[in-house]
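This is the structure I want to talk about, given as C-alpha cells.
Chain lettering (A, B, C and D) follows the sequence in which the chains are written, and residue indices restart at 1 in each chain.
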Amino acid sequence: MIQALRISAIAIACLMFVAGLAASIWAIAGNPLPESLPQLLSENMSRSGVEHPVTAVLLNFRSYDTLLEIGVLVIAGIAGISMAKTTSLEDPELRTSDSLLYALQRWFVPLMLVLAGYLLWAGADRPGGAFQAGAVLAATGVLMRLGGIPMEFIRPGLLLRLGLALGFTVFLLVALASAIGGDAFLAYPPAMAKTLIVVIESVLTLSIAMVLLALFVSAPVNDAEDPEEGGSS
Amino acid sequence: MTLWLMAGLLFTPLAWAVLTLLTDFSRGRLVSWAGILVQVLVSLGLWLAVARDGGFYYGLGGWDAPLGIELRVDGLAVTFVLLTAVVAGACGLHAGAYIDPDKPWHRYFWPLFWFLWSGLNAVWLGGDLFNLYVGLELISLSAVGLVALGGQAGALRASLRYLLAALLGSLAYLLGVALIYGQFGTLSIAGVATWLSDHPVPSGSGMALALMIAGLALKTALFPLHRWLPPAHGIAKSPVSALLSALVVKASFYIAARLWLELGQPIGSLAAAQLIGLLGSAAVVWGSWLACRQQRLKQVVAYSSVAQIGYLFLLFPLTFSVSETVSLQAQQGMTLQVISHALAKAAMFLAAGNLILSVGSNRVDALAGVSRFLPFSLFSFGLAGVSLMSLPPSGGFAAKWLLLQASLGSGQWWWVLVLLAGGLLSAAYIFRIYRASFLESSGTDQFFHPSRSLEVIPLILAMLALGLGLASDQVLTVMALPFEGEGAP
Amino acid sequence: MTLNMWMPLFALMTSLMASLVIFVLPEQGYRLRTAVNLGAALVKLGIVAVMVWGVFHGVDYGLSFTMLPGVEFVLKADALSMMFAGLSAVLWFLTTIYAVGYLEDSPNRSRFFGFFSLCVASTMGIALAGNLFTFFLFYEMLTLATYPLVVHRGTEQALRAGRAYVIYTLTGGAVLLLAIAWLQGLVGDLPFREGGHFGDADPALHGSLILIFVLLIAGLGVKAAIFPLHGWLPQAMVAPAPVSALLHAVAVVKAGAFGIVRVVYDIYGIEASAMLGLLEPLAWLAAFTILYGSARALSQVDLKRRLAFSTVSQVSYIILGICLFGPVGATGGLVHLLHQGIMKITLFFCAGNYAETLGIHRIDEMDGAGRRMPGTSLAFTVGAFGMIGAPPLAGFITKWTMGTGALASNMDWVIGVLVLSSLLNAAYFLPILHRLWFREPRGSWPHERQWGRLETSAWLFWPPMLTAAMTVLVGVLASLPFSPLSWAELVVLRAYSS
Amino acid sequence: MTAPLLYALAGALLCGLGLFGLLCLSHLLRKLLAFNVMGSGVFLVMVGLPQHQGGPDPVPQALVLTGIVVAIAATALAVVLIRRYYHLSGLTTLDAEPTSREGGQE
C-alpha cells in the first residue's frame, strides 16, 4: 500500500517534471535566438583544418572538452581493469566454439576493420570520426573474443595500459607542444592543423577501441579485497 | 610567463595521470611526489601572477568564446587552484605513506588521483557550461573509482550510490545546459550574463537555472539530497575521504555559486533563494544532529561535512536582492568557509585515519584514553575541530563572522540563528570526540604511533585552517582583484 | 615599529610559546618542563612589570592589523588591562609552583601544563585586547583551553562537569558573538576607549543598544557566573586544585567580569550606560547574585564547592561596584578584581593542601586540621577573614570603598547588601575556622602523606603563604602607589575624566 | 511545430520516464538503463531545441557526441561496479545492507 502510494507519488512528480520541462522547451522555442553560433562557426571553418563542422568543433574549437572526455573514458577503463583478476582478463567460459559465430567472424572482421578505417577517414568532411571508428573497432574485438580468438594482449599488463593511454598521451603532447611554442594550450599551428588532427584521430580511435574492449572483456571479477579501515577488530 | 604557467597547470595533472598509469604504486609514488611539487609551484606561481597583474580570460586552443572554450582566471579561481594544490598535495603525500603498496590494485590510485586533480582545476577555471559538465564528470568518475578501489561489498554499495547520485545530478545539470543553449545560443557563462544585463529575461530560462542548480545541489549533497555522501565519504580510505570532503563536493557547489552570482539576480526569485537557504539551514541542523549519533569516527566526520555544506548555501539568499556590501560580505564569507572547511576537513579525515590506524578500531568509543599518549593526530583533529566549530581565530570563524554581518546587514536575521545554532551543534559532536579521548579507562594501553610523516601532514593542514582567520584579509584582497575583461592574452 | 608596539605581543607569546614547547616535550621531561614553565612565568612577570611602569607614565603600547574587512585585531595596554594582566602574571607564577608540587607523580602532566599555559595566554589576550572582537577571540580560546583542564582526571564526574562547562560557556560565547556582530554592523569596529563611545549616541539607536547590552551581559555573565548562569562553576570544582585556584578564582570568572567592565566603561561609557538605564537592573542582578551565592555556600558540605559558591557571590561585587554610578564605588568594584583573586586563590591553595596532604575534601573532616597543618590553616584563616571583610585585610578595603561609593551615589540599599553578605560570609567561613582550630582531631586523616620537614611539600606550602601575606599587605599598604587600590583609582580617574 | 521541436519534446518525455525509472526501480541494472534513457532524453533536447529555429547546428551535435562518450564511460564504470558488487554480496539492489558474502555465480 505504502509502496503503491510512493510509486504513484513519484509518478505524479515525474509527470509534473515532464510538463514543466515541456512548457519551458515550448517557451524557449518561441523566443528568438540571440546569438547564432553556426554562422560564427562557418566563418571560422577555413582555419580549423577540417571540412566537417562537427569534427572541427570536437577536435579544434572545443578540443579541451574532447581531451577531458578521453580522460573520462580512460578513468572508466582504469576502474574496469582495477577490478579484474590481475593475471589475465581472459575468461575461458566466454570462449565459445560456435561454428556459426566462427563463420560470421571470418566474414565480418575484415569488413569491420575496413569500415572503421573508412569512418575515421570520413570524419574529415562528413559524419564519422574517431568515436564511431573506435566503437566499430571495439565491436570487432568483441566479436573476435566471442568467437574464441585469443587476445593475449588484453591483460592488465604494461601493454594494455599503454594502449589505454596512447591516444590520450598523443593528444596531450600535441596540446603541450603548442603551449611550448608560445601559443595557448591546445592551439594548433594553422598550417599543421590538418595533420595533427588526423594523427590525433587515428590514435584516439585505437585508444577508444582499447578502452571499450578492455571494459567488455574484463570479465572475471577479482576476489581479493581490502578490509575496511579499522573494521577488522 | 603566465601562458606557460597556465599550460603547466592544465598539463601536469593529466600527464602525471598517464605516467603513473604506466608504473606500479611505489614508483608511482615517487613520480607523484615530483608531480605534486611541480603542481604546487605552478599553482603558486599563477596565484602570484594573478595577485600582481589581475585576472584574465584564457582561450583554449586560441579560440575565444563563444566559439571556443574560455577559462576564467580570476582571483577566486586561482585561490581555489592553490587551495587544491595544497590540500590534494597533502592528501597525495599522506596517501603515499598510508596506502599499502603491495596490493596490486593500488597502482591505480595514482592515475585516478591525478585525473581527479585535473578535473578540479578544470572546474575552478571553467567558464563554459558544457566544459564544466565534462570537468564534473571527470571528478565524479575518478572519485567513484577511488572509493571503490579494492573495496568490499560495503564500499561498492557506497560507491554505487555515489555514482548514481552523481550521474543523476550531472544529467539534471546537462539538461539545464541544453535549455540555456537553446535559449541563448551560447555556452559561455559570461556571454549569457552579458546578454541578460541589457535584455529582458526570456521565459523558460528559470527552469534551466533551476535544473542546473538542483543537479549541482545533488552532487554537493545538499539536504535532503545528502544521503549518498556519508557512506561514500565514511568508507573510503582516509586520504580519499579527505579529498572527497575537502574538494570534490566544493567543485559542484562552486559552479552553482558562480551560476547564481552571474545569473541569479535576473533569472532567480526571492522564493527560490530563501528555499535554498532554508535547505542549507536544515542541512546544518540535521547533519550535525546525525553526526552526534554516529558510532564510527569517520561517519561523524562525514556527517559533519553534510552540515558544513549547509552553511555554503546561505550564499544564495544572502546575495539575492541585497546591497553591494552585503553581497560582497556573503561572497567573502562563502569563500572563506570553502577554504577553511577544505583545510579543516582534510586535516580531520587524515587525522581520523591515523587514529584508526593507532587504536585499530573505527569506533568512537575506542578512543577512550588515547589523549594520554598525546598523539599528534588527536591534536590535529582537535585543531581542525576548532575551525569546524567556527571558534576564533580559525578560518571558519572568519567565515561565520562575515556571514553574520551579511545576515544582519540584509535584515535576514533568521540566518543568524542558524549560524549560531550550527556552531553549537558542531561543538556537540566535536566535543563528543574530545570527551571520548579524555576518558580514563584501564583497558587502553595498546597504542601504535604512526610514522611522523603521517602525523605531520594533518597537523599542518589544521594549523593552516586555524591560522586562516588571522590572514583572512590578505586572502580576501587577492580575490577581490580587478578583472580585465579582455579576451585571451 | 618600536619595541613598545610589540610588548603586548611578547606578554602574550611567553605563555603561548611555553605551551607549545611543553606539548612537544616528553612526559618524563620533568625538570625541563618545570624550568620552561617557571622561566616563562618569570619572563612574563618582568614584561608585565615593565608595562605597568610604562602605562603609569603614559607610554602607548599598541599593536593592530586588519584581520577581516572592517575588523581590526588590536592589542593594547591601558591601565585597566594592566590590572588584569598583572594579576594573572603574578598568580600564574605562584600557581605554576603550586601545580608542580600538586601534580607530582600524576599522569598526563605534559598535557596539563600545556593547556595551563595556553589558558594563561588566553587570559593575557583578554587583558590586552583592544576591541571587542579581539576580546572575543581570546575569550573563546580560554573556553577551549580550559576544557582539558576541567576534565583532566578523566572520570565520569569530571567529564560531566566538562560537558556542563562547555555547554554553558559556548552558548554564552554564541550570544556574545551575536551581540558583537550586531554592534559591529550597527556602528562599525569600536576600540576600547576610556569614556566609551555612546555618550552622544543617536536616540534612534537606543533600543538596539539596550538590547545589545543585554546580550553582551548575558554572554559575559556566563563566565562571570552571574545568577542564573552560574551552574557550571560548582560542578567544575572536580578539576585539580591548581586549576580551580587559577582558573576559577582568577582567569575564567574574572574574564567575564573584566569583559563586563570593558563593556560598561570602554564601549558604552559609564555616562551612556547610566543614561540608557542599564546600570540599575545590572546592580540589582549583581546584588541578588551576591546574596544568592552566599546563601547557597552555607549549605555546601564539600569545601571546594563552598568556595565555588563563594566565588559566585564575590565576583558580583565587581559588577555591583561598577554599577554604582560614581568614581568611589567603581574603585571599590575594580579593586575587588584583584583582591578577590588574591584571597580566593589563597583559599583554593589551602583547600588543595588539605586534600593532597590529608585527603580532606569535606568540611566535616576538617576538625583539628589546624594543629596538623598550622601554616596552611593560618593562610586559610587570613583568606577567610579577608573575604568576610575584617580590617585591615584586602576584603575590608573593597567593602569600605564600595560602601562609601554607594552612599555617594545615593544607593543606600547597597549598604544593606554589603552588610548582609558579610554576615553570610561569616556564617559560612567561621564554622570552618572553628573546626580547624578549636575541635579535637578525629582518630586519623582520610589519606595522609608525609613530606618531611614542612607540614606539606614545599611546592605546596609556600604559594598560599605568599598569597596570604599579599592579602594582608594590599590591605595595610593600600595607600601606597602601585597598590591595587591606587591603581584602581588611576583607572577610574582616566575613565571618568575623559 | 517543427521536427526538431518534436524531438525536444520527446526528449522531455524520455527524461521524465528515465527519472521515474531511476527513482522507482530497485534492480541496479534497471536503474542504469533508466539513466541511459534519461540521458538520451537530455541529448534529444540538446540537439532538438537549438535546431528548431536556426537549422542544423554542429555545436550541439558535437556536444552530444562528447556527452554520449561520457555516458558510455559512466555506464561502463557502473556495470563493472555492479558486477563486482553482485559477485561479493550476491545482491542486485541497494535496498539492504550487504551482510553475507556467499557471492553470486559469475
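Just so it is clear, contacts are C-beta pairs under 8 Å (C-beta built on N, C-alpha and C of every residue); 3 or more make two chains touch, one makes a residue touch a chain.
Given the structure is predicted, the values throughout are model-derived calculations rather than measurements.
Ranked by how far their CA centres sit from the centre of chain C, the chains are topped by A. The central chain here, found by comparing per-chain C-alpha centres with the mean of all protein C-alpha atoms, is B. Distance between chain A and chain C, defined via averaged C-alpha coordinates, is recorded as 71 Å.
Chain C has its Cα centroid 43 Å from the Cα centroid of chain B. One simple way to say how far apart two chains are is to compare their mean CA positions; for chain C and chain D this gives 67 Å. Between chain A and chain D, the centres computed from C-alpha atoms are 16 Å apart.
Within chain A, the positions touching two or more other chains are listed as 21, 25-26, 28-29, 33, 36-37, 41, 62, 65, 69, 72, 75-76, 79, 83, 222, 225. Of all residues in chain D, those that touch two or more other chains are 8, 15, 19, 45, 49-50, 52, 54, 59, 63, 66, 70, 73-74, 77, 81, 84, 88.
Each of residues 130, 134, 137, 141, 144-145, 148, 152, 154, 175, 179, 182, 185 in chain B touches at least two other chains. Applying the touch criterion to all chain pairs gives A-B, A-D, B-C, B-D.
In the complex of the two chains, the chain B residues touching chain C come out as 329, 332, 369, 371-372, 374, 379, 386, 389, 391-393, 398, 400-402, 404-405, 408-409, 416, 420-421, 423-424, 427, 431, 434-435, 438-440, 469-470, 472-473, 476.
Across the complex, chain A is touched by residues 5, 8-9, 12-13, 15-17, 19-20, 23-24, 45, 49-50, 52-59, 61-63, 65-66, 68-70, 72-74, 76-77, 79-81, 83-84, 87-88, 106 of chain D.
Interface residues of chain D, counted against chain B in their complex, comprise 8, 15, 18-19, 22, 28, 31, 35, 38-39, 41-42, 45-46, 49-50, 52, 54, 59-60, 63, 66-67, 70, 73-74, 77-78, 81-82, 84-85, 88-89, 91, 94, 97-98, 101.
Across the complex, chain B is touched by residues 23, 27, 66-69, 71, 73, 107-108, 110-111, 136-137, 140-141, 143-144, 147-148, 151-155, 159, 162-163, 166, 170-171, 173-175, 177-178, 181-182, 184-185 of chain C. Across the complex, chain B is touched by residues 20-21, 23-29, 31, 33-37, 40-41, 44, 60-65, 67-69, 71-72, 74-76, 78-79, 81-83, 86, 158, 161-162, 164-165, 168-169, 172, 175-176, 179-180, 182-188, 222, 224-233 of chain A.
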